[in-house]
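Quick heads-up: structures coming right below.
The two complexes that follow have chain A in common; it is paired with chain B in the first and with chain C in the second.
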Partner chain A sequence: MATLAAFFTVFTHPELFALVALGTFAGVYVGAIPGLSVTMAVSILISFTFSWDVMPAIALMIGIYMGGVYGGSRTAILLNIPGAPAAIATAIDGYPMAKRGQAGEAIGITTTMSFFGGFVGIIVLAVAAPFVSNFALTFQPRDYMLLAVLGLLLVGSLAGESLVKGIFCGALGLMLGTVGMDPLTFTQRFTFDLPLLQSGISFIAVMIGLFGVSEALSQLHHIDKTPVRQAISRIVPSFATIRKHLPLSLQTSALGVLIGALPGTGGDIAALMAYDHAKRVTRNPERAFGDGAIEGLVAPETANNAAVGGAFIPMMTLGIPGDAVTAIMIGALFIHGLNPGPMLMVEKPDMFWFIVGGLVLANFCMLLFGLTGIKLFVKIVEMPRAVLVPLIMLLSIVGAYAVNNSITDVYWMLGFGVFGYFLKLYGYPLGPIILGVILSRLLDDNWRRAIISERGSLPDFFLGLVSSPLSLTLFLAVLFIFFSQTPPWKRWRGRREALRAKADPARPAAATGSEGGR
Partner chain B sequence: MKFAPFVAAAIAATLALSASPSQAQQYPTKEIQGVIQWGAGGSTDTVMRAVSPKAEDVLDQSIVLQNITGGVGAIALNKVASGKADGYTLLMGAENPLLYKVMGLGTKDYSDFVPIDILARGTGILVARPDAPFDDYKSMIAYVKAHPDEVKFGSTGPGGLPSVVTAMIESVEGKLPVTFVPYDGDGSALTALQSKAIDVMPAVLGAAIEGIKAGKMKPLAIIAKEPADQLPQVKPITDANQKFAKFLPWGPFFGIFAPKGTPKEAVAKLQDAFKQAANADSFKTLMKNRGFTLMNINGDEAQDFMTKWQQNTTWLLQDAGLTKASPETFGIPKP
Partner chain C sequence: MTGRRARRPGETVFTVVLLLVSLYLLWSAYGIAGFESLSSPGAIPLATTAAMVVTAALVLLKTAQTPANREETLKHDILPPMIAIFAGLLIGYALLLEPLGFLPTSFLFLTVAIRLLSKRSIIHAALIALFSLILVYVLFRIVFTVLVPPGIVPEGEILAWIRHLVSGKA
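And then the complex of A and B:
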């Protein structure tokens, strides 16, 4: 009974209700601007809400968080600039849809799927939090490393036509990620003794440059063409569409919750992995991936919103942040006199249910704010290019500056913008660069931790790899995904299909084995 | 785009709350920038964001906080040090800059600043995973010596609290045959402790309190001369070996600094404002809950504290072979 009362707190108190709604609304826009991050917004709110009670403060933060994670998809679809790293995968198929005049439909799908993913995350948080957090704690450095390797294999999905160019870009990204002071040993890497390089290259600046500025420059090629008219008749996806993608969205949501719950990995990695998963399991997409496949929107958007619920799991059960935003919320709880930690759920279960309730409300608000105002938004894409291009540039510069209030980041951003433009021109995919930068730390840190823990012994490392069930599963997954894409395996698959087709003529053989290069 | 009115409204609201017309031309006449050396959500960030609102009330001006991270805080420190010394830009930092010179991280440190307020000091604690084969400091040392290189210690890079605590232990007990696994902060290292990736972690008390209360970590010793209020049952490390007494009390600290050359009136006003702010009950409670010892000192007292801290710590690190340059080079005498 007390649980129910706590759960419904946000619904029965008008001011809390309003704060969640306001937060979600603001979050959608903060998330949509590249460079303005949810992390930043929430940390500003800490000072802003200092004198408030704990509940209104948390209510506002929850709203911003939920709205912000969703908001990143807006600019990804409309302008090909992901508002946040978690929306990179969304741009791959969302932007081609906008280019064809289906921006409204893309945003509609994205919104409903974010809502769906958000719900799965909340449900898992509500019913299985202790279970999931215990599972997350079984991940050793070795397992995080394998997860990063698994992530690196996504280069295949993101590479487009040429795998070699994809691998080149992925490697470049990995290298960019190592620049700066190594956070584990404070050794300088690739800094050439320049103070400017000491703190590394801000990967948000790289992302904004590669996607935003390079897009603006490419647009200049078509400066005199009239923009595509956007059809805005179909915004809310039909029930049939949702049902068709239900199995995929359930799988990618589950993936999102788990990746979100792991301390050290968040919505960005979850969304990319989900995209890869979609590409692997979807046999016959209506359109090819990269050309506006619905599945390419469903997967990352369910996963990154499911990761929100996931990130709260270790925070509420153990006091360990699931990502940067929950880390700040832990600070907020401290300031307001609560002691986040393993005892919080025992001593203050009401707080837990209050947060769950807040998330549910924020999720509904997100759906509402997401589906309204689309008509106005898609007008952005219909603007003449002479207006759109400067707008993208402005947005990129403001965004890059806002990350660290540093003009250096703006230079980096512009530099990578020009570089990205030429890469694009010569058919190099940009996605793998960002993938490399995101995974660089995860891979590097955890590989070193893993091998140091084994006192530098490679045999011991491999023994550990095969003796722990979790590591073994991840290791086999890496091997399977790798080898299943090699030519000998594909030939074998093809022969088997042909044989089966001969034995059972009713079953068409063409349905499998043609999924295309990873 | 759409966010501009929102941000403008937020700023306007902040200003409206705190900026009633101030008296004629007396410091402060405009908003003050607070540069936090560490990222959002970290302990320095939390402490500074908690103390600032009260100081804003006293100063009758808003304090705009921003996090500038990187280079173990050196980027923020250099930025503030090279800015105008007019009292409108403050550095909100932790103990790390006192080690920059010997660690080769920079040429500037707090000697280029005037301390406004040293707010609080942390205490170290040695924790182990709950099923570790030892229960206190003495049995840990015995186990480590009997099983060389087997026990995994978490570390956070040279100069961090774990490296200093480890240097103290090695200075007292001799070389420790353990494997150091590096993490990027004590938060992630304590997570690793709970998932059994490491066995022992020297951490700051506040980060470990809740885990210890819930039985997720086992306390071995407090790095202090007397037990902590928050965990009275945990024995101080001097109980096991009196030789630790000469290093203690030791702990990371948080402070607010203005560049050298800031006008005296401004310094005095800021010192007064932050003194009052740190004296507020809500701040005291926060410090206690997070396991910090309130200091709230300024002027010569703060200067002396830092001088002593720098001497002790740099020489400990020097003797442990962790420095890039000897403290002697910078005129830091051996304690």
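And then the complex of A and C:
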């Protein structure tokens, strides 16, 4: 009974209700504007809400978090600039849809699916928190390393026209992530004795440069053409559309919760993995992936919002952050005298159920704000390019500056903007660079921890790998995905499909073409 | 999509630059800890830069084999004057941002950029620039309280004064 009362706290207290709603609304816009990150907003909020009670403070942050994860998709669809890393995969199919005049449909399906994914995440958080945390507790550095490798293999899915170029960009991203002082040994890496490189290159500066400025520069090619009018068709998706994608959304939601629950991996990686999953399981998409496939929106959007619930699992049960935002929220709980970890669940179960309730409300608010107010939002996109392009550039510069109040970040951002422009021009995919930067720390730290725990012996490392069921499963998954992306395997599959098509003419052989050819 | 597209102007040079930079980075990664141990801080950098060198070399090999695109020119399709001008404008903006401050620099940048792109009168461009700048300023500086370089306009003091005025009346 006390559980139920705690769960309904946000619904019965008008001021908490209003704070969650306000937070979600602000979160949608914070998430949508490139350069403004949810992480940044939540960290600023900590200083604002320092003197508040714990419940209103947490209520506001929950709203911002939920809305922010979703909000990134809007700019991804309308401008092809992911407002947040979690929306990188959404841009791949969302933008082509908007270019065809289906922006409304894309936003509608994105909102509904985010809502759906968010709910799956919350349900799993509420029901299975202890089980999932027990599972994550057994993870060794080796397993985290394998997880990072698994994430990296998505390069194959993001690579576009050339796998080799994709691998180059992924490796470049990994290298960029290692720039600066090594946190384990304080060795300088790629700093070239320059003080400004010691703290590394700001990931947000790289992201804004690659996705903001390089896009703005590319748009200068088409400045004379009439601007694409992003017509907003119907926004609320039909029930048939939702039902059609229900199986996929359930799968990707589950994937999202799992990835979100793993410490260090959040909605961004969940979205990319879900996109990859959708590409594998969708046999005959109405449109090819990358060309505006609805499945390409359903998968990442369910997964990144499901990851929110997932991220709270290790945070509430173990005190380990699931991603950057939950790391800051752990800090907020500490400030308010709470001790996140296994004991919190025992001593203050009310807090847990209050957060679950807050997440449910935030999810509903997100659905409401997501399906309304788009006309206003679209006005930004319908601006003439002559105004829009300079504004994107201006926002990129302000965004890059705002992260650390440092002009150095602005130079990095511009540098990557120009570099990204040329990369795009010559057919190099930009997604893998970001993927590499995100996964760099996870891979580097855990590879070294794993090797050190085996006293530097590679044979022992492999022995440990095959003797632990969990590591072995992850390792086999890595091998499988790796080989399924290599050309010989694709040729073999193509041949097999062709043979099968000959034996059974009713079955089209097109499936592999759309999947492997891109 | 599987069909090879033709080589674009400047593509070979770009790939060569990528390969050279990768080689330099590989050499730099080797300098971190050499082949000391598998768990050294240089292990992952060495592996990633090696991967960059190998893939850049492969791309170069492929690029050299593909026929050049005869229809495209460097000046028209790769680096049109407008893009070079904008790259220059951006660098100018970044250079002036701290000494001159956010408001004047942004106003100048937006006016020049909109004038160049829209080919309308300078007054027209300045008005649109002013209007967009007010929107951006209200949203970022006041709503999100993002810090911007103040420069020559004491906007921080003005804001504080206005806030004081509002709170004084309330």
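Methods note: the second predicted complex is superposed on the first by the 486 of 518 C-alpha atoms of A that agree within 3 Å, B and C clash if a C-alpha of one lies under 4 Å from a C-alpha of the other, contacts with A are read in each partner's own complex, and residues count from 1 in each chain.
Simple rule for what comes next: a residue touches a chain if its C-beta (ideal position, glycine included) is under 8 Å from a C-beta of that chain, and two chains touch if they have at least 3 such contacts.
Just so we're clear, the structure is a prediction, and the values are computed from it rather than from any experiment.
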Original post:
Now for A:Asn404: first (chain B), second (chain C), both, or neither, which partner does it touch?
Top reply: first
Original post:
Of the two partner chains, chain B (first) and chain C (second), which one does A:Leu395 touch, if any: first, second, both, or neither?
Top reply: both
**OP:** Check the residue A:Tyr275 against both partner chains and state whether it touches chain B (first), chain C (second), both, or neither.
**Re:** neither
**OP:** Identify the partner contact of A:Thr138: answer first if only chain B is touched, second if only chain C is, both if each is, neither if none is.
**Re:** first
**OP:** Tell me which partner A:Leu184 touches in the superposition: chain B (first), chain C (second), both or neither.
**Re:** both
**OP:** Once the structures are superposed on A, label A:Phe203 by its partner contacts, choosing first (chain B), second (chain C), both or neither.
**Re:** neither
Original post:
Between chain B (first) and chain C (second), which, if any, makes contact with A:His221: first, second, both or neither?
Top reply: second
Subject >> Contacts of A:Ile452 with chain B and chain C, given as first, second, both or neither >> reply: both
Subject >> Contact residues common to both interfaces of chain A (with chain B and with chain C) >> reply: 30, 36, 44, 184-185, 391, 395, 405, 448, 452
Subject >> For the chain A and chain C complex, residues of the former touching the latter >> reply: 30, 36, 41, 44, 161-162, 164-165, 167-168, 171-172, 174-175, 178, 182, 184-185, 187-190, 192, 213, 217, 220-221, 223, 384-387, 389-391, 393-395, 397-398, 401-402, 405, 407, 410-411, 414, 417-418, 421-422, 425-427, 436, 440, 443-444, 447-448, 451-452, 456, 458, 517-518
Original post:
Given the complex with chain B, which residues does chain A contribute to the contact?
Top reply: 26, 29-30, 32-33, 36, 39-40, 42-44, 46-48, 50-51, 137-141, 180-181, 183-186, 195, 198-200, 263-264, 318-321, 324, 327-328, 330-331, 334-335, 337, 339-344, 391, 395, 404-406, 445, 448-449, 452-453, 455
**OP:** Please give the residue numbers of chain B that touch chain A in the complex, ascending.
**Re:** 1-3, 6, 10, 14, 40-42, 45-46, 49-50, 52-53, 65-72, 74-75, 78, 103, 105, 149, 152, 157-159, 179-184, 187-188, 190-192, 194-198, 209-211, 213-214, 216, 282, 285-286, 289-290
Subject >> Residues of chain C defined as touching chain A within the complex >> reply: 1-2, 5, 8, 11, 14-15, 18, 25, 28-29, 32-33, 37-45, 48-49, 51-52, 55-56, 58-59, 62, 78, 80, 82-83, 86-87, 90-91, 93-94, 97-98, 102, 106, 109-110, 113-114, 117-118, 128, 132, 136, 140, 144-149
